[in-house]
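Common to both upcoming complexes is chain A, partnered first by chain B, then by chain C.
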Partner chain A sequence: MNRRNPLLPYLLITPTLLFVAMFTIFPLLSSIITSFYKQRLNIPKFREPVWDGLGNYRELLSDEVFRQVISNTGIYVLILVPLCVAAAFLLALMLHAGGGEGSTAVLNRRSRNLRRVGKRMNGFYRTAFFYPTVIPMVSAATIWMFFFTPDYGLFNRFLLFLGYRGAQNWAGNPDLALAAVLITAFWKSAGYYMIFYLAGLQNLPKQVFEAAVIDGAGPLRLLVSITIPLLKRTTLFVTTIAFIGTFQSVDHVFVLTGGGPSDRSSLLLYHLWQVRFDQLNVGEASAITVILVLLLLFFTVSNFIFNERGER
Partner chain B sequence: MPRRIPRIQKAAGFRFSPVYLLYAVMTILALLWLSPVVWSLVASLRPLNDPFYSGHIWFGKSLAVESYLKAFRLAPFGRYYVNTVMQVVLILGVQLVFSSLAAFAFARYRFRGDRVLFMLILTQMMIPTSALLVPNFQTIRWLGIYNTILAIAIPFWGSAFGTFLLRQAFLAVPSDLGDAAEIDGCSWYQMLFYMYLPSAMPSVTAFAISSISWHWNDFLWPLIVTQSDKVRPITAGLVRFTQLGEIGAQWALLSAATMIVTLPLLLMFLKFQKRFIEGYLHSGIK
Partner chain C sequence: MKRETMYVRTGVLIAAALLLGTGFLFAAGQAESPAAEGNVEISIAYPVAVDAPIADILQKYADEFQAENPEVTITPVFSGGYTDVKTAIQTSIEGGGNAPALAVMLATDLYDLVNAGYVTAMDELLAAMPDGDAYIDDFLPAFMGNSYYEGKTYSLPFQRSAVVLYYNADLFREEGIALPTDWDSFAQAAAALTVRKNGQVTRWGLEYSSDWPYWLFQPLAIGNGKNIVGDETTVYFNAPEVVEALQYYIDLSRVYKAMPEGVQASWGTSTGNFAAGKTAMIMHSSGSMTNLLGSSDFEVGVMGMPGTVKPYASVPGGGNLYITSGLSDAEEQAAFDFAVFLTDPEREAEFSKATGYIVPRYSAAETKTMQDYFADVPQALDAMKALEYAEKELALQNLGEVRGIFHKYLQSAINGEMSAQEAMDTAQNLADKALEDFR
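Entry: the complex of A and B
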C-alpha cells in the first residue's frame, strides 16, 4: 500500500498538460505552419490552403494598412507603457508619503484623530486610483465614449476649463482617435501597476532611510539615491507586465473607434481580429499571430535575462 | 520613537506641513479619476426624455430608473449575467481541480522529466492565450462546440499560473510530514485534501479572485466563439447593446446598461477590497 504507482505523478499532471498543449503549444505550431499557406475563406479559389512560402509575410510588409497598424501600435505602446509606469510610481509614492512615515511623524504630534483621518484618506485614494482595474475594459470604454462626447462631455468641459480650444470629437477625429484609446487605457490600468509599487515601497528597509536622514540626506536625495535604485526590480517587473498587458488588451478599440477613422487607431491584436473575422484571410492572420507572439516573447525573454543579470 | 530621530521631528514642526499640500493634490487627482464613473452613474438616473444638450450636464429635471428598466427590456441582461456566472464558475472550478493535481505532483514527487514538463506548462505564462485566438478558434470549430459556454471556458482549463502559484504554496509543506502520512496509509488524495490544500488557502483565494475578475471582464474571446444571446456574456452583450440601431446617442440608456454590467463586480470590490488587491498582486506573476 505504501509503494506508490510510478505513473501517478504523470497522471496527475495529464489534465493540465493536455489543455496547455491543446490551447498554447499546438496553436503556436499550427499558426507557424498556416502562415506559409494562402487561405482566404471568401475567395473560392483559396478556400483550401495553398502553399505560398513567405507570401503572407511579403504581403504584410508591403501593405499600407499593416504599416499604419504597426506604427499605431508602436506609438501606443511606447507612450502608454512609460506613462503608466511613471504614474504608477508617482501615485504610489504620494500614497506612501501620505500614509507612511512622513505623515505619521507630523500627525503624531498633532493628534491621534488626525492620524486616523490620514489613514482613512489613504484608503480612499487607493480605492479611487485602483477601482478602474476591476471594471471590464468594454465598460470603461463605454463610459469614456460618453465622457469624450463633444460639447457637453465632461472631458471636453474640463479641457475647456483648462483653456483647450482644439477639436472635441476625440473618438472620431483621425488625429485624436489613438489618443482617445490611449487615455482610456491609461485611466484603466495606471492604478493596477500602482499596487505593485505600493507593495515594493512597503517592503523597503526603513533603517536605510533613517541612516540616510541622520547623515543629512534631503527628500530628493533619498528618492534618487535610495528609493528608485531599491525599486529597480519592481520597475522591471511592472514594465514587463505593462508591455504584455498593452499588447493583449484591445477591447476598448472595439467600443471607442473600431480601429478608425481609416485605421488610425487600429492596434495589432485588433487588426488581427479584423483580418481573420472581417476579411476572412486565414493565412495572413496566422502570419500576424506569429509576429505578435514573437513580439511578446521578445519582451518576456528580455525581462528574464535582465532579471537574471540583476541577481548576480 | 520620535526622540531617536531629531531631524525628522524638527522638519515636522512646521505649521503648514507639505503633507497637507500632498493631500490637496491627491484629492484633486482622486476626484478626476472618479469622475467618469460618477458622471456615468448620475447620467444613468436621468429621465429618458431629458437630453444632455439641453440644460445641466450633471443632473436632469429629476432622477429616474426608467433607463434601467428600458435597458433590461431591450437586451437580455439577466441572461447575460447567468452566462457570465456560468462561464466563470466553469473556468475556475476546473482550473482549481486540474491545477491542484498538477501542482501537487510537481511539489511532492520527483519523476523523470518533471523539470521539462513543468517548463512546458509554464510557456503558457509567456504567451497569453488571447494572442492565439486565430488557431484556437479553429480548434473550437474542430471540436464542434462553437457558440457554447464550454467554448469560452475550455482554453483556460489548463492554467500554468494556477499550477505555478499552488506549487509554490505546496512546497512550503515539509516533505517529511507527507512521508509520515504515507507510512500511516494515507492515500495521495487524502494528503492533497487534508494537508496540502488547507495550508495553501491564501494562494487559492488569490488565484480564485484573479481568475474570476479576469474572465468576468474578458471580451474578445467570448465575442469570437459565440453568436447568440443564449450564451453571450455581459461584456459582449454590452458591446452589442451599444450597437443596437434604436439606441443612438441616448446616453442615459447607454450609461444604465454600462452600470448594469459594471456595478456588481465594483460593489464586490468595494466590499472585499483587501482580498481583491492581494489577488491582483499575485496575478502580476502571470
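Entry: the complex of A and C
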C-alpha cells in the first residue's frame, strides 16, 4: 500500500496537522515573536509593536512581582505534584484492596468480614474520592471559600478539633494564602490521578503476586518490590499530566484570593492573565507565555529522561 | 487489492471532507453577519455576577425594544463579571471577530478601553439626538465623572452603585448606641458592638473586607479630606490624609479590636454574616441592598462612611454602557438607541427597584415608581444620599498596573508587613513610575 501511494499517510494526518499548526504552533510562534516587541495596548504610542529585543525579559527578571510569582509557582508545583501523586497512589491502593480483588487483596486475607464491609464501602469511597474531580474548579473553589471562612468555616472547625489554634483567615493571611490555593487544588485533583493508578493496579499480572506470596513476601514487600516498580509507567504518565495540570489551573486563584494578599498567592498563569488583560501589556504577556512553555517543556522532558534512564 | 484501493479512496475522501470542513468553519468565522436590507442585528454583553435576576430583566427590555423597532434584533450575551465582559470584548475585537455592539463595563475602565481603541465616542450620536444636552445633564455628575476623556463622551451610566455602610439598626437601639458621626464615634460603636465569650468573638462590630481593597478604602481617604486619585496621571497614595486613613483602618482591628485583624477576604461572606446577625456593621456595595433587606430579619440601616473633615463619604462604582468600535453606522445607531432606551427614567426606576442599584438620572429618581419605592424602602434613598460627599472612583491611565500596586502595598500594611507610611511611600513611588509613559 505504501509503495503504491506514498502520499496517503501524509494525507491522512493532514487534518490533525492543520489543527495543530493553526491552534498550537502558530500561536506559539506568534507569542515568541511578540515577546521581542514592546506592545502595550493602553499606551497610544506603544499600541503598534515596537522592536525591543530582550526588553520584556529583562523587565520581567528585574520585576519584584514576577520574582514573587515564580517563587510562588515553584513552591506550589513542587509541593502539589508529589502530594497529589502520592495521595492518588495511596487512595487507589486503598480502593483496590477494599475491592477485594487483584494483587493487594492479600492484605485483607486474614479478615473475611472486613473484606465484605470493604467491598460494600468501596463504591461509596470511589464516589467520594472522585466527585471533586467532576465538579468545575470554580465550584470547588467556591466550596472551599466557605470552608476557609474564619470562625465557622468547616475546615477551620476541623482544624480546631485537631487542636490547631493559629490564624484562620486563609485567603487573607500572607503565610496561608498559597496553602489555601494549594489545598483546594489538591482536593480537586487527587481523585482524578487516582483513576489512572486504579486502572494501572487492576491491570497488574496476578501471577507475579501469587508467586511472591508463595515465596513468603509480606504486604510491605509486595508493595515496595512489585507494585511500585510495575506501576512505573503509570507514575510517569500521572506525574507528567499532574505537572501540566498544576501549571494550567488558575480558576481557584480568581475565586479564593485574587492572587493576594500582596501577590502571595499569585501563580504564573494568573499573573499572565493580569498582565495581558488587566494591564494590557501584550509584549510582556508573550514573554511570560514563552517562559511558561519553556518551564513545562523542561519539567516534562526531565521527567521523561529521569524515568527512562532507570528503565535501562 | 480491491480492498486496499477502497481504503485509499475512503482515506482520501475523509481527509478531503475534513479539510473542506475546516475551510467552511474558517469561512464562517470570517463572514460578516448576514443582515438583510434594513435589518440590524446587534448583541449586548452583560455581566450577571450580581445579586439580582438581571438576565430576566435585560431579556424583557430587549423584547420590548424589538417590539418597538422590528428592524432591530438584539441578543443579550451574559457573561460572569465585569472582567469577563471586558476580556470577551478585547479578544473578539483583537481576533477580528464581531464584538457585541453594546457592553456594560466598569466606568473606571474608560482610559484603557479608549486607549486600546475598543470603544467609540458617542458625541455625534448625542448631537443628532433631539435633546442630547438635556439628556446628558440629567445624569448625576458623580456618575458622569468617569465618562469623559479628551473632551469626548464615551459611556452612559447605567448599573451604578456606591460604597455604603450597612448597620444593624436593632442592635444600635438595643445597646443604646447613637449612630456614629465621625471616626472616633464609629470606632467606639464598632468596639461596643463586638461581643466576646471566653476570648472567642461571637459577634464582630464590623467587617470591612480588604481582598479587593481600593474601592472600600476610598471612602476613608475621601472622608479624611483627600482622594487617592487626582487627574488621569496623578495619585495621592502617600498624602498624609491617605496614610492616616490607612492607619485608622488598621487601628480598627489592632487598637479597637472591633474587626478581624489582617487582610479580610470577606467580600463574599460578610453579607451573609451581617444578615445572620454575626456582624453588626459591614462596608459593602449598595448593589447588595435588595439581597440584604430580604435576608435580614432586623431593621437594616444604610449610610455613608463617617469621616473627619466630611460628615460622611462614599465613592461611586459599577458599570456604564459603552458602544464598541468597528461597527457599521446602522449597528452603532441601533446600539445607541437601545442604550437610550435602557436609560429611560421609568426603566431605570424599575431596574433600580429590582436590583438595588442606584438610579443614575435625576428624572428617574423623580418618577412615581421611584418615589413610591423610596417611601417603601427609605434605605434606597439613604444610599443615594451617601453619594452627596462622594468623589471619583480610582480611574486613571494604566489602571490595572497602578491599582495592582496600590492593592499590594495596602495589603502589606494591613497585614503588618510594613508600616502604613512605608507602604504608601513605596506604592506612590512605583505608581509614579508606572504613570511615566502617560505624562
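Definition applied: the second predicted complex is superposed on the first by the 261 of 312 C-alpha atoms of A that agree within 3 Å, B and C clash if a C-alpha of one lies under 4 Å from a C-alpha of the other, contacts with A are read in each partner's own complex, and residues count from 1 in each chain.
Convention: contacts are C-beta pairs under 8 Å (C-beta built on N, C-alpha and C of every residue); 3 or more make two chains touch, one makes a residue touch a chain.
Predicted model only: the values in this text are computed from it and were never measured.
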What is the contact status of A:Ser31 with respect to chain B (first) and chain C (second): first, second, both, or neither?
-> first
When the two structures are overlaid on chain A, which partner does A:Thr227 contact: first (chain B), second (chain C), both, or neither?
-> neither
Which partner reaches more residues of chain A (counting touched residues only), chain B or chain C | B
If you stack the two complexes on chain A, which partner ends up touching A:Leu8: first (chain B), second (chain C), both, or neither?
-> both
Have a look at where A:Gln248 lands relative to chain B and chain C in the superposition and call it first, second, both or neither.
-> first
Could you say whether A:Pro174 touches chain B, chain C, both of them, or neither, answering first, second, both or neither?
-> second
Now for A:Ile195: first (chain B), second (chain C), both, or neither, which partner does it touch?
-> first
Is A:Leu41 contacted by the first partner chain B, the second partner chain C, both or neither?
-> second
Quick one: classify A:Asp151 as touching chain B (first), chain C (second), both or neither.
-> both
Identify the partner contact of A:Asp278: answer first if only chain B is touched, second if only chain C is, both if each is, neither if none is.
-> second
On chain A, the footprints of chain B and chain C overlap at residues 1, 4, 8, 12, 15, 18-19, 145-146, 149, 151, 277
Complex contacts: residues of chain C adjacent to chain A = 4, 7-8, 11-12, 14-15, 18-19, 22, 83, 86-87, 90, 111-112, 115-117, 201, 210-212, 260, 262-266, 268-269, 278, 397-398, 400-401, 404, 407-409, 411-412, 414-415, 417, 437-438
How about chain A: which of its residues touch chain B in the complex?
-> 1-2, 4, 6, 8-10, 12-13, 15-28, 30-31, 34, 91, 94-95, 97-98, 101-103, 105-109, 118, 121, 124-139, 142-147, 149, 151-152, 154, 157-158, 187, 191-192, 195-196, 199, 210, 213-214, 216, 237-238, 241, 244, 247-248, 250-251, 254-255, 269, 272-273, 276-277, 282, 285-286, 289, 292-293, 296-297, 300-301
What does chain B use to touch chain A in their complex?
-> 2, 5, 7-9, 11-13, 17, 19, 22-23, 25-27, 29-37, 39-40, 43, 52-53, 57, 97-99, 101-102, 104-106, 108-109, 111, 114, 117, 120-121, 123-124, 126-139, 154-160, 163, 182-183, 185, 188, 213, 216-217, 219-220, 223-224, 234-235, 238-239, 242, 249, 251, 254-255, 257-258, 261-262, 265-266, 268-270, 273, 276-277, 280-281, 284, 286
Could you pull out which chain A residues touch chain C in their complex?
-> 1, 4-5, 8, 11-12, 14-15, 18-19, 40-47, 65, 145-146, 149-151, 167, 169-174, 256-258, 260-263, 274, 277-281
